[in-house]
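You will see two complexes here that share chain A, one where it goes with chain B and one where it goes with chain C.
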Partner chain A sequence: MKETRKIEFGFEIFRIVVALAIAYGIALLCIMLISEDPFQAVYMFAVGPFTSVRRFGQLFGKFIPYLLTGAGMCFVYASNRFNLIGEGVYLMSGCLVTYAAVNMGDMGLPHLVFVLLLILVGALTGAVFGSVPAVLREKMGINETVVSIMMNYALLYLATYLVKTKMYDNSITYMASKQIPEDAKLTALISKTQLHGGIFIGLIAVGITALIFYRTALGYDIRICGANPKFAKASGINMTATLILAQVMGAVLAGIGGAVDILGIYDRYMWTALTNMGFDGLIVAVLSKKNPIFVPLGAFLLAYMRTGASILNYTSDIPIEFVDIMQAIIILLIAAEHFMGRYKEKLIFKASRKKNEGVA
Partner chain B sequence: MLDTVAKFLFAVIRVSTPLIFGAVAACVTRKAGLLNLAIESMMLASALTGVLVSGATQSLMLGMLAGFCAAIAITLIISYSSFVLKCDLYLVSIAMNTALVGGTVFVMYLCTKQKANTAGAIASLYVGNLDIPLIKDIPFLGQIISGHNVLTYLSFVMVALVWYLLYKTKIGLRIRSVGENPQAAESVGISPTKIYFLSFGMSGFIAALGGMYMSMGYLTWFARDMIAGRGMISMSAMNIASGEPIQATLAAMVFGAADALSNYMQLGSFPSELISMFPYICTIVILVLMAVARTLKATVERNKV
Partner chain C sequence: MAEVLRMQDIVKIYSNGFMANKDVNLVVNEGEIHALVGENGAGKTTLMKILFGMEDFQGGRVLLDGADANISSPLDAIAKGIGMVHQHFMQVPSLTVAENVTLGIEPGRGMAFDKKEAIAITQEISDKYQLKVNANEKIADLGVGLRQKVEILKALVRKCRILILDEPTAVLTPQETQELFVQLKALKKGGIAIIFISHKLEEVMELCDRVTVLRAGRTVGTDVIENLNPAKISRMMVGRDVILEIEKELAKPTDLVLEIDALQYKNAENVMMVDGVSFGIRRGEIVGIAGVEGNGQNQVAELISGMLQISSGDIRICGKSVRGKNVREIRKMGMAYISEDRMVYGCAANLPIRENIMADRIHSKEYRKFGFLIDTKKINQDIDKLIEDFEVSCDDRTQPVRMLSGGNIQKVIVAREFSSGAHLILANQPTRGIDVGTTEMIRKTLVKKSREEGVAVLLVSSDLNEVLEVSDRLLVMKDGKIVAHFKDASTVSEELLGEYMLGVKTMTPEEMGELV
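After this line comes the complex of A and B, so read on.
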């Protein structure tokens, strides 16, 4: 059995690499075909994020929220619930945190207390809104995917309404909230870049998620409920409570992600469309195969890809949108159980036959 | 006053059309037991392809044909990866939606060097409006019913067709039996995988009409992210009707009314965002009420025994 597991693990890594290689191959081919200066374009896409401190910081500006939403989606994805509320929570958390920051700005709280308080606001936002689809699913059996997608759009409109009526800044021409006070912002680790103190929050969150997953009974329960619900029920795990908790935790982490992002790199709240961060979190969770330990790796990969594309977008004639197609290819190939599945079976078969020969 | 009401009802039918197509498309897969979250992407694909091909060939027929092909290609990718490669269906669908939101902009930029819309860049064709003789002369009613896009009338025909297909034909029976119990259907020789492919394909065909209505009827150009959640709204209209095409159409029209109302309200001082929220909140509330009703019914039946 041990050997089978080893083969499976090695194979998973191999498969992810192949999937990434295929997606990158297609992307590079596209760039080559449509760009007037293909070598410069490929260089910018592949190496661009590392060519200056500012660009490297930009990569981290994306990496930090991916850590949080990715860890959050690990909870949701591992419990085998397709709950996308992270998307709406992320946005709403950004909105409410900005509201709180603007209104508490003149209370003179110490910097650290202020920031932690605001992050708590984000976490609470996640808990409140995240519990709706979770409870509806586990208590009443309503499809959590439908409810969470509906709520995402509702939260988007609600946030826009709040900005328009409660937080609107008359001194600017575009639709945005009042400025977030300097005291509330997460300090930049390297000045004038998007690498900010939120990275510690992100890494701590990933660490805690990993601990819960592999060192507590709760994490075990969540994984069992996701992998084999019938077994979980038969062995007396309180499935309702476990699954609600898992989904709410996912939303809480997404809420913290929204708070950290808005306090880290924005001056005002100005999201007028869904941020797609919740979905990016799902991609990170898929890339890391629901294992929180690999979340930083997945988050870095996605952030690298996105940053490369956005650099390409403003240094050449290639629009950033091709990354969306690339992303879909990666997801399809990694999540598809049967992609190269026959090859895996062959390997396992060969290994076990070899072992049996030794016994006989 | 009466004139305003007539104009409003006209607008309701006009904005409901893509929702009706989408809702009916979702019904077909729902009856096969699958939730179609990818209507958004099918609509986007067909909306762009229809505009591009009809602009290039100057033939409406070819343009629409290409639109259908694009949407069906999307369904093939989704079906193949989730029913053959065993990828999670929801995951593929959502991935498809994001891929197409970006992908259509990418293709549009390649073809026209525009990132916002194709207006002005491509002289695409569009489906015209139809004045119904006799009815258009009836006061009030004529104002509401007559003068719509041809596709709008087609959407109502499509509802009837899908109802007929699902409940009166052999293939409809097969789709429903797979939806009820795939194992049982398989035991009598119906391949669920085939039915899944088929129902997704049909769903793509119907959704394509909705997409092309958006870019070749409602507007006469393609704009980035022009479906803007309509696929999701129509999916939820199907959901609160549990996959019945006629009820789903009614739900889609209620949501369409909310959409039309929010368009009107943008002119006034009442915040239009709150009305835009209506379809989404409404869906959740109705789903909860339905679940409560289900539980109550189950309790009553248990007490009887």
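After this line comes the complex of A and C, so read on.
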């Protein structure tokens, strides 16, 4: 069977490459059709993120939170739950972290302590709100997808309410909180870019996630529960505790993601719509095949695409929404196990035939 | 006689690379009963699934009346005159026989269902072939034998010319079996070709005209029944003369490990599946439970393991009750469980061999490092040792289980359950559908565990050879009750055991004696 395994592995990589190629092909075709200056547009889309330090930094501005929400969604996705609370938690965490930062600004805490304390606020926000759909699902069997999506909107409006009533800055004309004190912000690694110190937090989180997945009993439990819950029960795994923990961990990482993002690149809290960062975390988890080790790759790829799209948006006549189409195609092709499945089977059949020929 | 079906050089490879059929040939004539025999895992069911359009195939041809038939789905197979009676009936219990039979081909105009016409159609075919089914009765009120006839009726009403019966007698009493045979012979006279899958060779000798034998996915041969006898067929099936014999010393049972007391279990439909079962198993002995499948044996095993909740009565392991405990707590009390359905309860197909073996012991202190990490080095050493000891043929410990053959998957499962340090092993159909070599290894290991380590073993199996060869004591279950107890399994013949299994004979409590 060694052959089968080689074929499957090689095929997996091949499939992702083909998915990307098809998506980019369709994107290029769209650009050709709708743009006045297609060559410039294509150039901006594909190479744009690497054309200046500022743009490259912009890519990292997305990459950093994707590391966290992506690692978080690995927990959720690997346990085979579709709990999307990460989206609401991300935003709520941003809101509460800002509130804490504004109110603790004159306490004179050392920079590092202040920042870590704020990140802890984000993590706690994740734990508190993330446990709601997880507990409802595992203790009472209520569908986690429905609860989490409903809660996302509840959290969005709760955050908006908090900004209006507790955090509003009278000196400005748009809806935003008071300014986050400089002391609370994550230091930019390259000044005037969005590449900030949060990258270390993101990479550490990915490392810890991988460690939990493959080097702790909990990681084994989570993967077994996700792969076959009936087997998990029969081999005596505590499923309720494992699955609640997995979903809460996912929300904690999303909460840290929200905190890092707001402290890294914002001056004030000003999210009045869902940020999509939580949902994007799921995309990262899908791209990395729920393996935390591949999260940086998945996060980079998605960040690159998103940045390319936004550069395209302000340098040409292509709307930003069109990158969503590309993304949808890529996700669809990668998530669809049977995409090119016939081709894979043919390879396996051929190998099996060859092997069986000798054994008449 | 005209040839109706020819399956020629059929090759079927599953997507894990396993070749289930290798150049298999099967030719069936009009008006014959053709037996398809072979051991578990020989590829009979796969071949029939191909014929019925449930599986695609990678090589060969299927010809109906000499012409290529591209059977794309079961619906297409039915349209082309192929009918299949599955082991598990496909029926709606709350509807009547006529409603079930005409489901999908309802007579009537537009949206209106013509009930009278449905009854008439059903009754006509039933009378024509003397199936003796009342079209007006509800399926839920019928016994197994009659429900099987409804399945046959369904195929006949759809005008089938080739009828596939997948081990139809496994669920029947001897009387019902005889009745079925009379009716199948009537169908044969009506020109219908019947493919009869079985491994009961007496039945094949009695009923069939020709026999095709499969072994390890290949056709061994086809011959008319006159040229064959059970011994000959059996040799073709297994490729050797003797059935497996296990040598074992006499058991020296000591302390009670498992005690079961007036155990009852009602399923979700409120049917009493286990009804007042009491017995015990001591250290160092193997107790077998035989029975026709579905008579409560599986539930007894699942109740002990904690997969099902006891309705009343009690189960004690080493004196401690398992009531209200979950699988984890019961495993901690020293229970190991090889479950009946290995792909559903026995493994996680997409995970590596290592994860599958570690599933029940990953929290154990011996694999702990620095308090919260696991000791990967020790895990890898132990897994490699188990892979070697149990001769699992694989690339390495990280290979996903789904890529292994059935026998090797079962080896991974028994490697886990036999190495957990349990003093009670529940082996529920431990060798079903796997190759002879693995079967022998598993049976020998069960005996070794009981003799050398003093483990108490409960063996639930519908393989008579297995329960007779491996067990020290033997119980027979029928309708959720224990109907026979043999203190020495080696003195029992298959025929006698069969009579108790089918309810022809029942022991009185006095005859059974103490069940511990």
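As a working rule, the second predicted complex is superposed on the first by the 352 of 360 C-alpha atoms of A that agree within 3 Å, B and C clash if a C-alpha of one lies under 4 Å from a C-alpha of the other, contacts with A are read in each partner's own complex, and residues count from 1 in each chain.
Basically, a contact is a pair of C-beta atoms (placed from the backbone, for glycine too) under 8 Å apart; a residue touches a chain by one contact, two chains touch by 3 or more.
Because the structure is a prediction, the values reported are computed rather than measured.
*Asks:* Could you look at A:135 and tell me whether it touches chain B, chain C, both or neither (first, second, both, neither)?
*Replies:* neither
*Asks:* I'd like to know which partner A:223 touches here: chain B for first, chain C for second, both or neither.
*Replies:* In the superposition, A:223 touches chain C alone.
*Asks:* Using the touch definition from the top, say if A:208 reaches chain B (first), chain C (second), both or neither.
*Replies:* In the superposition, A:208 contacts neither chain B nor chain C.
*Asks:* Mind working out whether A:237 is in touch with chain B, chain C, both or neither, as first, second, both or neither?
*Replies:* Touch partner of A:237: chain C, not chain B.
*Asks:* Which partner, chain B or chain C, is in contact with more residues of chain A?
*Replies:* B
*Asks:* Do any residues of chain A touch both chain B and chain C, and if so, which are they?
*Replies:* Common to the two interfaces on chain A: nothing.
*Asks:* Which positions of chain C touch chain A when the two form their complex?
*Replies:* 11, 13, 15-19, 22, 58, 305, 307, 326-332, 337, 339, 344-351, 355, 358-360, 362-363, 367, 372-374, 376, 394-395, 399-400, 403-405, 416
*Asks:* Under the touch definition given earlier, write down the residues of chain B that touch chain A in their complex.
*Replies:* Residues in contact with chain A: 35, 37, 77, 81, 84-88, 90-92, 94-96, 98-103, 105-106, 109-110, 115, 229, 232, 235-236, 239, 271, 273-274, 276-277, 280-281, 283-284, 287-288, 291-292, 295.
*Asks:* In their complex, what parts of chain A are in touch with chain C?
*Replies:* 1-5, 211, 215-217, 220-221, 223-224, 227-228, 230-238, 341, 344-345, 348-349, 351-353, 356
*Asks:* Considering the complex alone, what residue numbers of chain A touch chain B?
*Replies:* Touching chain B from chain A are residues 34, 82, 84, 132, 136, 140-143, 145-147, 149-151, 153-154, 157-158, 160-161, 164-165, 276, 279, 282, 286, 319-325, 327-328, 331-332, 335-339.
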